[in-house]
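Chain naming follows the written order as A, B, C and D, and within any one chain the residues start at number 1.
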Amino acid sequence: MSDSTSTFSAALAPEQAMTPEARVAGAMRGFAHELGALSAFRLESCIHCGICAEACHFYIATEDPQYTPVWKVEPFKQAYKREASPFAPLYRLLGLKREITAEQLARWQHLLFDSCNMCGRCSLICPMGIDVAALIEQARHAMFDAGLAPKELYQKAAHQRATGQPEPSSEPYRERLLAIGRQFGVEIPLDKSEAEILLCVPRTDIEHYPGAVAALARVMRHLGVSCTFRSDGLVAENYGYYAGGKQWQRDISLKLIEQALKVKAKILLVPECGHAYTALRWEAADLYGKPLPFAVRHVTEFLADELTAGRLKLSSAGAGKTTFHDPCQLVRKGGINDAPRALMQALGIELNELKNHGAFSFCCGGGGGVLDIERAAPLRYRTMENKLREIDETGAATFLTSCSDCRRTFDDAKSHFSWDKTPHSLLELVASNLVATGNPT
Amino acid sequence: MSIGNDELTVGYMLMKHGVSRRGFIKYCTAVASTMALPPWMGPAMAEQLRSAARPCVVYLSFQECTGCLESLTRSFAPTIEDLIFNTISLDYNDTLMAAAGEAAESARAKAMKDNFGKYVLVVDGSVPTGAGGAYCTAGGRTAVETLREAAKGAAAIVCVGSCAAFGGIAFADPNPTSAWPVSAIVEDKPIVNVSGCPPIPEVMTGTLLQFFSTGQVPDLDQHRRPKAFFGTTIHDRCYRRPFYDQGKFAKTFDDEGARNGWCLYELGCKGPTTYNACATLKWNGGVSFPIQSGHGCLGCAEPGFWDKGSFYSALSTPAWGKAGETAPHRVLELTAGAAAVGAVLGAASAGLSRLRQHEREVDEDRTRS
Amino acid sequence: MDLLTFARGPALKAALVIFCVGVVWRIAGFALLRLRRDLNAPRASIGKFMAGGLKAVGTRSWPHPEFIPRTGAGEALGYSYHIGLFIVVLMFGPHITFLGSLVGFTWPGLPSSLITIVSVLTLTLFLAVLFRRLTHPVLRMLSNFDDYFSWLVTALVLATGLAAVAHIGAPYERLLAWHILSVDLLLVWFPFGKLMHAFYLVPSRAINGALLSRKGAIS
Amino acid sequence: MARPVSRLAEIPVRIEPAAQGAEPCAGLGGGVAALLAELAALLAGLTDSGRPAAIDLRSLPMSPQDRGELERALGEGEVRATIQADGVSIVRETGISGVWWVEHRNARGELMAELLEVAHVPEILASSVDEVAAAARALQARLGLSHATMSARSET
């Protein structure tokens, strides 16, 4: 494991340098903060059956036992037994479980960050019904407090918390957004003082897929809804969530929440970004400390509802044989299964489902911040092969998804493997096939 | 081997009572068969016994109910064993002998003196040691004294019945007389336990007969019982065993299962843990035995049978404390009490964990500020 | 006091007390840790997510079809020995008498010969799962003392029970005493190890099912 | 085929199937075969060393079917003796010479023992030396003859 240790020191941001004692203390603090009856019950329930391994694409691709999902939280299981379990005093008294060590934590950095997308497939297979992915998320929090978040994630989270965008750009995203509007000839609603819908945008789209940004603006305009972007809360992603910095995740989420409150929005619309949806839809209120006074919706479910309500009409896209990748944060962890399919049906798409689709879809391999971690790339590619094979096996010519990070991951694979398919945005396809409904805007 | 001239051999005395050699061989063959001895042992035993000197038996009764003697003397018809024991060998038995008082006691002293080192001491009943042995005295002598004295010249001691063998009912909790089995008092003599409450008469006679013919104590089990009779459990040889194997059990003494003769395990039959020959030799000359009569085995041939829980609760059921301690409502009380203790401990440990959690968080805030 | 009287008497009583104390201690010890309310708006109504919880208790008993190719055999092995254990524990006459004397009612059992066959099969499956745990890289890595000891304790109960029924190796009363002692051991160990999953199974599945249903996701 | 059979034990034991009715080897039929094999061995012992032996039938669990099969396999011999001593005993030679079927009953006719004896003559049938001697004395006494005159007569 010496190689892991060496990579861990290389992977640290300078501000994360800590003594081993401080690291362990930090991890234990983070862990104590996280622990409640629910997570304790999950840790209690594991029977070491190893079945979760069979759901995990990292294990399936490598058959390396260390990628067994529940093994990734082993140090925290150990800490739980020793510190907080019902028999913790006995464990401590008899020395049955050792204290976790900084060395051990460092080894686990690879398992908790590089080789887990927090995609939640393991949570679906566990015969005891343990939400393993939720445990991993909590373990990441403790790792963050131990100063062991991978440097890419840590730095981006720090930057986003400070500036609102995860990394510096030649021009601020506000300017980029307006430039995209000009480039695609679509009006960008920006900084309105009141709006029913607060829009935000994935950094990935701004950097790589401006068409998707334009598509969002176009569709909103087509629907004639009252909406706006806000310069002070523009980015959908939350690197605090990836890095495991709970407080940072809160600070980053607050940027959007505050803007939504400011414009008295009824809906915070999450664009095509999976983890942003999880962070805002299923976690933000807890961090905010009270229920949010507005709804958080993903653009696909929003559009599907508009379709059902008859306010949105689409023409046939003529896309030919098509397959669709379900982003894990949306379908498995978010429950959005039917919305993209309703949209595709309205687009006249002949959908060839992947072998594992819907809630059982394999993750693209880039989620959970893994795409950003440079050293994780070789393992990620290895893991992706199975997914790419599944896509190829459908024989589809068109490949759609509804998450810009998934899209970016597949694009990356396209160049790495010289793969012959291009991932497309479902939103973009919707935007290019809008049919007027006599609903003037 | 000429028996005609020797009036002190068993053979001669049998002949005098009209038992022929063939009759005796036949009897010994049957005894060997019941004892599961090799078949050739029967005739061999007969030959040895016929030429053996008249054995001397001294039968002492202590803290007992005379049930064992009843069993022995009420064995079927006037038979050969009856002849051998009552008529030929028995020199002292205070219940059966005509003599009484000083005459009886001096007969015993004479028999013991004449046959010193050769007689078989049969003991019936447990030996009370409490109150200086006062609970059982005869002729002004305590049972302990009498036993110790009689044991001195005995070739072997045969403990007849569960009281002499294991202490029996008198030994049962709380053992008010501080009763002990013979083996606890006499330690330097070969002891054979023929347990049962009472023992099967054929088992008593068979054991003695074998000792008379060979002059040796038979193969004994861990409780010093002759393996020939106590080698298998009642359950092993029970004719109702197939019903056990099929899982067919009588649930009450008057249900369909009981009428059909199904296994009595659930009604508390101790057959599976009781080593005795009831299921094969049976009682009253082979007429029946308890299970055949519809009642489970009480396990009377086993040590401490009186203190092993209810006769009517199955072997696999819990048995602790006094009667009724394992009744469902008492078990519920016990488990509920334990659960309450558990809840308190659990709440305490959760509280402790919360406290530790809180401390770490305060620590965290301090680090932050 | 002979071994059997000890096993079904004081030892059993003590084991039962430890079992009850331990189980409640363990459950209360984590259930009373702090519990935060989920403030995020649910997608499904409360009725739906309760129903989702109940459904998950059933559906998690067998893997979703997508998982079967990889896990079907392993889970089948796991469940089959559990089913075998249930049959042997709950349907054998003497066991029914035992449990019945504690709870106050009984139920019909199965023929002993059938139970014997089932327990031999179950013991074979037990050896198979041990073999699997020792040879499967994932299982070997995950396994700790708890896994092996819990296996041993349960296997002992099964093996001694089988020996007692078949009268193999020692006199019946000693085999029965060992069998009951092994049950006592199992009861004592139960709250401290993974055997607790017997209590966790249903609520754990139900909670995860309910939480996923709350989000409108498949559980 | 040509090799002569020199020992009794080498004679293979074959069980004739029952003429009609049930399967010949059903139930514990294997036990009967084993019993016959044991008898064959004991017979060999008798011819070789003159050592008699016996098998206690009550110690062997036998179904009525087994018993019937055993009886058929052994068959009936020429000798049948009845002993009246404290009940009836019946001694019959089976179709296998040297194998005797012996039943002992008590005065009430209950079966006390049942054996298969392997012997030239079961011991219980033969008169014993001391009994013969005693009988001779008794007979002489009845005839009023002294031992001395008896021997003198025989000399003349």
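Heads up, the rule we're going with is that a residue touches a chain if its C-beta (ideal position, glycine included) is under 8 Å from a C-beta of that chain, and two chains touch if they have at least 3 such contacts.
Bear in mind the structure is a predicted one, so any value in this text is a computation, not a measurement.
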Practice item. Moving only from a chain to one it touches, give the least number of moves from chain A to chain D. Key: 2
Exercise for review: Could you let me know which interface, B-D or B-C, is made of more C-beta pairs in contact?
Suggested key: B-C
Exercise for review: Could you tell me which chain's Cα centre is nearest to the average position of every protein Cα atom shown?
Suggested key: C
Review point. Taking mean CA positions as centres, which chain lies farthest from chain A?
Key: D
Point to revise | Distance between the centres, which are taken as Cα means, of chain C and chain B, whole angstrom | key: 42
Point to revise | Distance from the mean Cα position of chain D to that of chain B, given in whole angstrom | key: 37
Point to revise | Centroid distance [mean C-alpha coordinates] between chain D and chain C, Å | key: 62
Check your understanding: Which integer distance in Å separates the CA centroid of chain A from that of chain B?
Key -> 78
Review point. When you check chain B against every other chain, which residues touch at least two of them?
Key: 346, 349-350, 353, 357
Check your understanding: Which residues does chain A have that touch at least 2 chains other than itself?
Key -> 35, 84-87
Exercise for review: Please set out, as single numbers or ranges, the residues of chain C touching at least two other chains.
Suggested key: 25-34
Exercise for review: If every chain is a node and every touching pair an edge, decide which shape results: line, ring, star, complete or other.
Suggested key: other
Check your understanding: Which two-chain combinations touch?
Key -> A-B, A-C, B-C, B-D
Check your understanding: Given the complex with chain A, which residues does chain B contribute to the contact?
Key -> 346, 349-350, 352-353, 356-357, 360-361, 363-364
Practice item. Note which residues of chain C are touching chain B in the complex, please. Key: 1-2, 4-5, 8-10, 12-13, 16-34, 92-95, 97-98, 101-104, 106, 109-115, 167, 171-173, 176, 180
Review point. Touching chain B in the complex: which residues of chain A?
Key: 25, 28-29, 32-33, 35, 83-89
Revision key, fill the gap. Given the complex, residues on chain A that touch chain C span 35-38, 40-42, 44-45, 47-51, 53-55, 59-60, 63, 65-66, 68, 70-71, 84-87, 123-131, 281-286, 288-292, 295-296, 331-337, 356, 358-360
Point to revise | Interface residues, chain D side, partner chain B - complex | key: 52-56, 58-59, 83, 85-87, 89, 104, 106-108, 110, 112-115, 117, 123-124, 128-131, 133-134, 137
